[in-house]
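Have a look at the structure below, then the notes.
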Amino acid sequence: MGIKDKGMRKNFIERMLGPIASMSLVFLLGIALTLIITGMPAFREVGVLKFIFGNEWRPTFDPPYFGIWPLIVASFIVTFGAILFAVPIGVASAIYTAEIASPGVRETIKPVMELLASIPSVVFGFFGIVFISPILQKVLGLPTGLNGLNAAIILGLMAVPTVASITEDAISAVSKDLRNASYALGANKWETIVKTVVPAAKSGIFTAVILGVSRAMGETMTVLMAAGGARGVPSSIFVPMRPMTATIAGEMGEAVIGSTHYHALFAIGFVLFAINVIFNLAAEYVKKGGNK
Amino acid sequence: WKWPWQQQKSNVVSIQGSTTNLPITQKAAEDYMKVNKDIEISVRGGGSGVGIAGIIDGACDIGNSSRAIKSKEIMNARAKGVNPHETVIARDGMAIVVHPSNSLKNITVDQIQAIYTGQIKRWSQLGGADEPIVVVSRDTSSGTYEVFNELVLKGSKLRTDCIMTVSNREVAETVKNTNGAIGYVGLAFLSDGLNTVTVEGITASNATINNKTYKLARELYVYTNGPPAGNAKAFIDYILSEAGQKIVADVGYVPLR
Amino acid sequence: MEITGNKKGKREFQQSLGFVALQMCLLAVIISLGVLLVFIFVKGIGVINPDFFIKFPEDGMSSGGIFPAILGTLLLSLVAVFFAVPMGVLTAVWLVEYSTSYKMVRILRIGINSLAGVPSIVFGLFGLAFFVKFMGFGPSLLSGGLSLGVLILPTVIRTSEEALLTVPVSFKEASLGLGATRWETVYRIILPNSISGILTGIILSVGRAAGETAPILMTGATFFTMRLPNSLFSEVMALPYHIYALMTEGTHPNQLAIAYGTAVVLMMLVLVINSIAIYIRIMARRARQW
Amino acid sequence: MSEEPKITVRNFNAYYSGKMALKDVNIDIPENKIMAMIGPSGCGKSTFLRSLNRMNDLIEGFTVTGGMMIDGKNIYDKDVDVTKLRRNVGMVFQKPNPFPKTIFENIAYGLKINKLCKSRDELSGKVEESLKEAGLWEEVKDELNKSAFALSGGQQQRLCIARAMVVRPEIILMDEPTASLDPISTAKIEELIQELKKSYTIVIVTHNMQQAARVADRTAFFMLGEMVEYSDTSVMFTKPEKKITEEYITGRFG
Amino acid sequence: MERHFDEELKALKKNILNMASMVDELTGRAIKALKERDEALAEEVEKADEVVDLLEIEIDKQCLDLMARRQPLAIDLRFITSVMKINNDLERIGDLATTIAHKSRILLKYPPLKPLIDIPRMADMVREMIKESVNALVERDSVKAMKIIEMDNEVDSLYVQVFREILTYMMENNENIKSGIELILIAKYIERMADHVTNIAEDIVYMIEGKTIKHGFETIDRAGGA
Amino acid sequence: MERHFDEELKALKKNILNMASMVDELTGRAIKALKERDEALAEEVEKADEVVDLLEIEIDKQCLDLMARRQPLAIDLRFITSVMKINNDLERIGDLATTIAHKSRILLKYPPLKPLIDIPRMADMVREMIKESVNALVERDSVKAMKIIEMDNEVDSLYVQVFREILTYMMENNENIKSGIELILIAKYIERMADHVTNIAEDIVYMIEGKTIKHGFETIDRAGGA
Amino acid sequence: MSEEPKITVRNFNAYYSGKMALKDVNIDIPENKIMAMIGPSGCGKSTFLRSLNRMNDLIEGFTVTGGMMIDGKNIYDKDVDVTKLRRNVGMVFQKPNPFPKTIFENIAYGLKINKLCKSRDELSGKVEESLKEAGLWEEVKDELNKSAFALSGGQQQRLCIARAMVVRPEIILMDEPTASLDPISTAKIEELIQELKKSYTIVIVTHNMQQAARVADRTAFFMLGEMVEYSDTSVMFTKPEKKITEEYITGRFG
């Protein structure tokens, strides 16, 4: 049997794969490095702790204050609010479309939701300002409707399609076997959904939430416009606030390049990236746990 | 050292920077190119910082800015052998606006300062209704804010619950939609649904701004590397010309004359 | 055996209640998204007419059309796709089929996922530093497209990876078992069978690229130019930037309507592209039998 | 078979969207016996089985005519509560399909759904009992709170059997319960099935003739939706009545 | 569907037919040796038994092998178990033929009692039965097999006749007792052979019909009956 | 692992042991009837054969059933096929016992030839062999089974002795010829019984060891040999 | 086995990331024979099989020691071209895995990859030939351009066998090739396998002892990574040498 090697069979593209892959990884690494390198001077000048836990963000004040604690808190409030809004509603509507709605309804709703996922965020932001904010102001009797809640609702709205679409995938992917097992034990449809299907899809739903949250966390223009932008440490979700991304997007164009302010904005980007990494690590961990 | 594809396009004028200046430059470019068909002008925003950085980096021919160049930027420029040159192309006044339901007619600069630093929190303190004042400002990094900071705040800290917005239009929309709101916008953004307040008894107008009786006035600049030359000079001259200044007025800013 | 009984018990009531609750949630979503759509359409539909699609902006962008912006967005998306797709897909191929360290792939995957949550403006800054300045492309179609390309790269890589992974290992083994090399297997078996998934990912990324403002703000999109692009180094107008600028700094009342109208056009554009994606997805799923 | 059969099927026809899947099936299944169904793929075995607990109701366009009586009551009568029926007719599937919950929760599921337990103690008691019945208790008693997925395939299938049993059905249906298991696990399940007939009436579908031969008391041979032969298992496999049965079981068919 | 298994079954069938014809031939030769007082032939027959024995072991192994490897059911199972039993019976017939050959060598020591007619006739009948059973097996003809069982009765009555006749010779002359006893035993052996063939026939009927007709029972072992 | 199958095998074993003890007892009673010239007992024995026959059919069916339903392999397969053969042999022993009973009734027509000593001794030996084979089967003891095969030789030599003795009686007195022949046949039957037990023992050895010791061959049928 | 064996395995050990999966396996497989491997789940059958065409090279951390010789050449030598090896050692998998292409293209794939045909005619000729060998030609000859997925499971598996054969390997490895098939299809595949040994040396892994018994000439029993017994199939299933083998094949084990 002739099995001796007579030279490698490898073609050009195959040889190029490694370099191309490394190149694109270099690009991505470049992004991360851009954040780190450009952000580093800010950490150096301000001090890491003072930067992260500092209470005041006054980059153009004299002397400037570079404390992003209010921004971090705002980011969390807004993101958390968005989750509170988007997750139950997104998951619930996904359950409805996947399990209860007729196939026709299902095939229509899903693409429509996916379409909404690509509306430019300025439009969402403006919608927040001129449509939702006055409603909030009147209904809740607040001085202003431009606040964390407004941003949370809009971000939630933006995240709902992501959450719902991926959740729907996850729920549809739950094997028929499990449903059958539940029905065969005498459970009705509702019991089957609540006690079997949803728990079984929880890892997929979790992914949906993570991705929805990522979308919400990385979103700039919308929060910039809708959250009000006040820079104090927010006392509640009902006051104007200024999340990290809004700060980056709003101030990047005007910052004096090379100034501490400029570096600080990158440093915020880096903090955001770090939070994302932690988030994804956690997600990976939870997902692995869920599959066991 | 240059990449082979880096070429100098002689018939192109590239402008970037302040969003405040954008309407002027855009319209001017539009009209200018109608006449000078061989010239290509591209107008980009980005913000005043980007405009000045563009000059320093040589990324553009003309940098728009709604604030004056800062010393740090000048130092940067010098270090790179760039010599920023400033030209004022228009003036702008910041009108103080409140919600139409507000009965306030006049306000002093000190009062504005008190409001924006948080010493005055309710309209009742100014003789109005007993409701909280919702303070709306431009973002601290915008050129507009720089001017407001210089003329009104005079170095004191802006209150932290102040609503910060990215654009004049947003300020206008927010004030329109919020009962207790107060804000400042460029003259071009005054519209129905906004109540304009006199400052120290003076109404913002072309005349009061040009003669500096209106306290809250500012200038809009373009920067070039060295005194304007060639196509850039031609275009800046066009803005400064009669036709150009008419555009300034049309767009809603205050012409230099 | 007792199997008869009334069907209106407590459990059935609970079920009906649950269904209603779910339905309410779906309705809430549909209504709010519907309101948003109606909002945009009502405000923007007024400016939409044939001229709007084929004319240049006029009178300080307070009238005329948005043709250069439509074209610019298309071109930017094209550049982004031509950059990100081969690169992303081949990277995914490498990650899935060639890389030898599972641990490394995992780390990379987390990194790539995390990048998907980084604000897009960071990608713009990267593009500014790398393409505009370092590579010397200047602010141009090329720089802007490439910056968008880098923005969608993580998405393309991730979706391609997922798509590649859905190809049953058994196909791969069968091919290798017949004496095919790794590349032959990738090229003849794995790629053809994951192409639908990859395409879906690509086209969704295009939607994203078409709708993004921040990355092109500093790298290639111009607010206004009278010239249509004639090379990769030309600057172009773009729809999302157009919307952004008009909405935020437009001084003319008509500009707001134009902004909304442009948003409608952008959505229509994305819808067209997406519908291709959805169509391909339906067809691919129907054709897929394993 | 002097006594009343547990299950009586009379002139039973089943259709998927009008397409006939079972044709005029008549069968009596005695209590506490194991009946096996064999036959070529697509002959309607699963359809028959799933008709017995009306699982096929979930399939759109599925209709039946004729009667399927359990203890003399036609399960297709209007006044039948399907969830009650399903509680009384347990089902075990081809692939072990434990819920993604703990072992304990898997078993407790049916009890909770059907509110069969008043106290936590009663619940644990019943769970333990059914795990013992399924011969799984010794293997899992110390890890009731571990995920059911941590069990091997064979253990999972026994868990599923325990899960079906804990609600005390009277009939257990099994659709190729060992199709995805290795021979050792299969042997264990077969042993268990033979144990179970002391308390349950069991209907089992299997592709594996030898398995039918091993476990069943009576065997039915289906073809093209019809029941061709229904005999005592030993008769079926040593001297079947019909030539076609003989051909099928000796592998001469097809 | 033609199965590989069928080839193996064919091989088995060939072997058992082979066995049957060997045994048949052996019987014929043993009787020939007896009739013609041919010592050499008798010795040959005695030796040939070893071949039959070997074939028996071979067939037995083959059956076991098929049972282990093919898990036969229904007709296949009945065929193989029947072959096992038939094999056993054939081997016993072979043994008996050898014993007859042995006895015929002993008989050489004595003068011939009388010309042998009935004993060879019995033997012929047995050989006929063997042949018929082979046919029944090949043709799966249970009617033929049933006929064999009837033939056994003829052999039995012939045996009684032979017994009486020889007894008379023995009573007539004391000299004849020894050879007479041997002859009676030989007749008995042939009668046994017939019994064995009857067993074979019963096995064949069982194989074909799936019902037991042994010991005169026709057992009803269908559950419900067709 | 305890298997359900084991229970069925146990039931089969119980049946075959039952069969063995029935046959053993039948033999004992037949010989008793012969010795004590007890016609009633002889008749009883003749009738009891039917029970043995039924049990044989039952066991045969059971084996077939197990083979069809359990697809036995290795030891299980060897056990079942051995039981099938043992069953057959036991039934033949039962038949022989019945024939002895029948003959003993015929013998009643003649005066007793002499007090029977060696024939009952032969029978006792056969019964001993049956009992031992049962033990060998139960204890899976191939050594015991091999011993049975040795015992057969004793029975054989006893038979030769009996044959000679009766022959002498027959030669002495013509009157004795008829009863003598019957007695010789009875002795021959008992000798056959021993042969059958030997077969059983061989089957047991095969079952336990998996090797054929029939016909004096110890076949080497391992492929490589351990 | 007087002649040189086709495959010779000597002191072969295999490890997954250092964890031993095969321990000191020694086996000779003669040419044109069928060898079956049986043993409990996880005993290393698949590992052994997949070592024979180095399919396990694809698994990270998989290492071997000892030798695996085909025609006397150690396939783990440095100078062995793995793709050539795999072409010469065909493989058929548990679940039929046709490519999502037409029937024709499925078979043609290996020929094209290995550039074994000069003309279109030669290609069709070889495709037809191998389909005939696999006993599939009559069933598919009129629909060579239909998707392979349109075939039944059993037909798909025969297609996969044809696909493996068309490149004329010398050895065919099969890992539970009928595990997912119904009994009729299984019977057909088994018949085919027995046909094929005229031209190929075949190694087959099966969970189904009876299948090993039916098709193989020689059978190896593995346990915990070790080869416990390797005998002629009939010896293995009637009187195995080792007690543990006997226990396993009679279902007493575990």
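When the chains are written out, they are named A, B, C, D, E, F and G in that same order, and each has its own residue count from 1.
Keep in mind that, in the parts below, a contact is a pair of C-beta atoms (placed from the backbone, for glycine too) under 8 Å apart; a residue touches a chain by one contact, two chains touch by 3 or more.
Bear in mind the structure is a predicted one, so any value in this text is a computation, not a measurement.
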Practice task
Please state, in steps, how far subunit F lies from subunit C along the shortest route of touching chains.
Solution key: 2
Exercise for the section: Identify the chains adjacent to both subunit B and subunit C in the sense defined at the top. Expected result: A
Problem - Of C-G and E-G, whichever chain pair has more C-beta contact pairs - result: C-G
Completion exercise
Note, CA centroid farthest from subunit D's centroid sits on chain B
Handout entry: Relative to subunit E, chain with the most remote C-alpha centre
Key = B
Practice task
For copies subunit E and subunit F, work out whether under half or over half of the interface numbers are shared, and give different or same accordingly.
Solution key: same
Exercise for the section: Could you please state the distance in Å, as a whole number, between where the Cα atoms of subunit A are centred and where those of subunit D are centred? Expected result: 47
Handout entry: Interchain centroid distance [CA atoms averaged], subunit A/subunit F, Å
Key = 89
Problem - Chain centre separation in whole Å, for subunit G relative to subunit B (CA means) - result: 78
Handout entry: Distance between the centres, which are taken as Cα means, of subunit F and subunit B, whole angstrom
Key = 122
Fill in the blank from the handout: Multi-chain touching residues of subunit G, meaning two or more other chains, are 83-84, 88, 187-188, 209-210, 213, 237-238, 251, 253-254
Completion exercise
Touching at least 2 other chains, the residues of subunit B are 19, 45-46, 50, 166, 170
Exercise for the section: Could you list the positions in subunit A whose residues touch two or more of the other chains? Expected result: 9, 188, 191, 252-253
Exercise for the section: Spell out the part of subunit C that touches subunit G in their complex, as residue ranges. Expected result: 100-102, 168, 170-171, 173-181, 184, 188-189, 193, 287-290
Handout entry: Residue numbers on subunit C that touch subunit D, as the complex places them
Key = 1-7, 11
Exercise for the section: Note which residues of subunit D are touching subunit C in the complex, please. Expected result: 70-71, 73, 75, 77, 79-81, 83-85, 88, 170
Problem - Contacting residues of subunit G [partner subunit D, same complex] - result: 40-41, 182-184, 187-188, 207-210, 251, 253-254
Completion exercise
subunit C residues touching subunit A in their complex are 11-12, 14-15, 18-19, 21-23, 25-26, 28-30, 32-33, 35-37, 39-40, 86-88, 90-91, 93-95, 98-99, 106, 108, 110-123, 125-126, 129-130, 150, 153-154, 157, 181-183, 187, 204, 207-208, 210-214, 217-218, 240, 243-244, 247-248, 260, 263, 266-267, 270-271, 274-275, 278
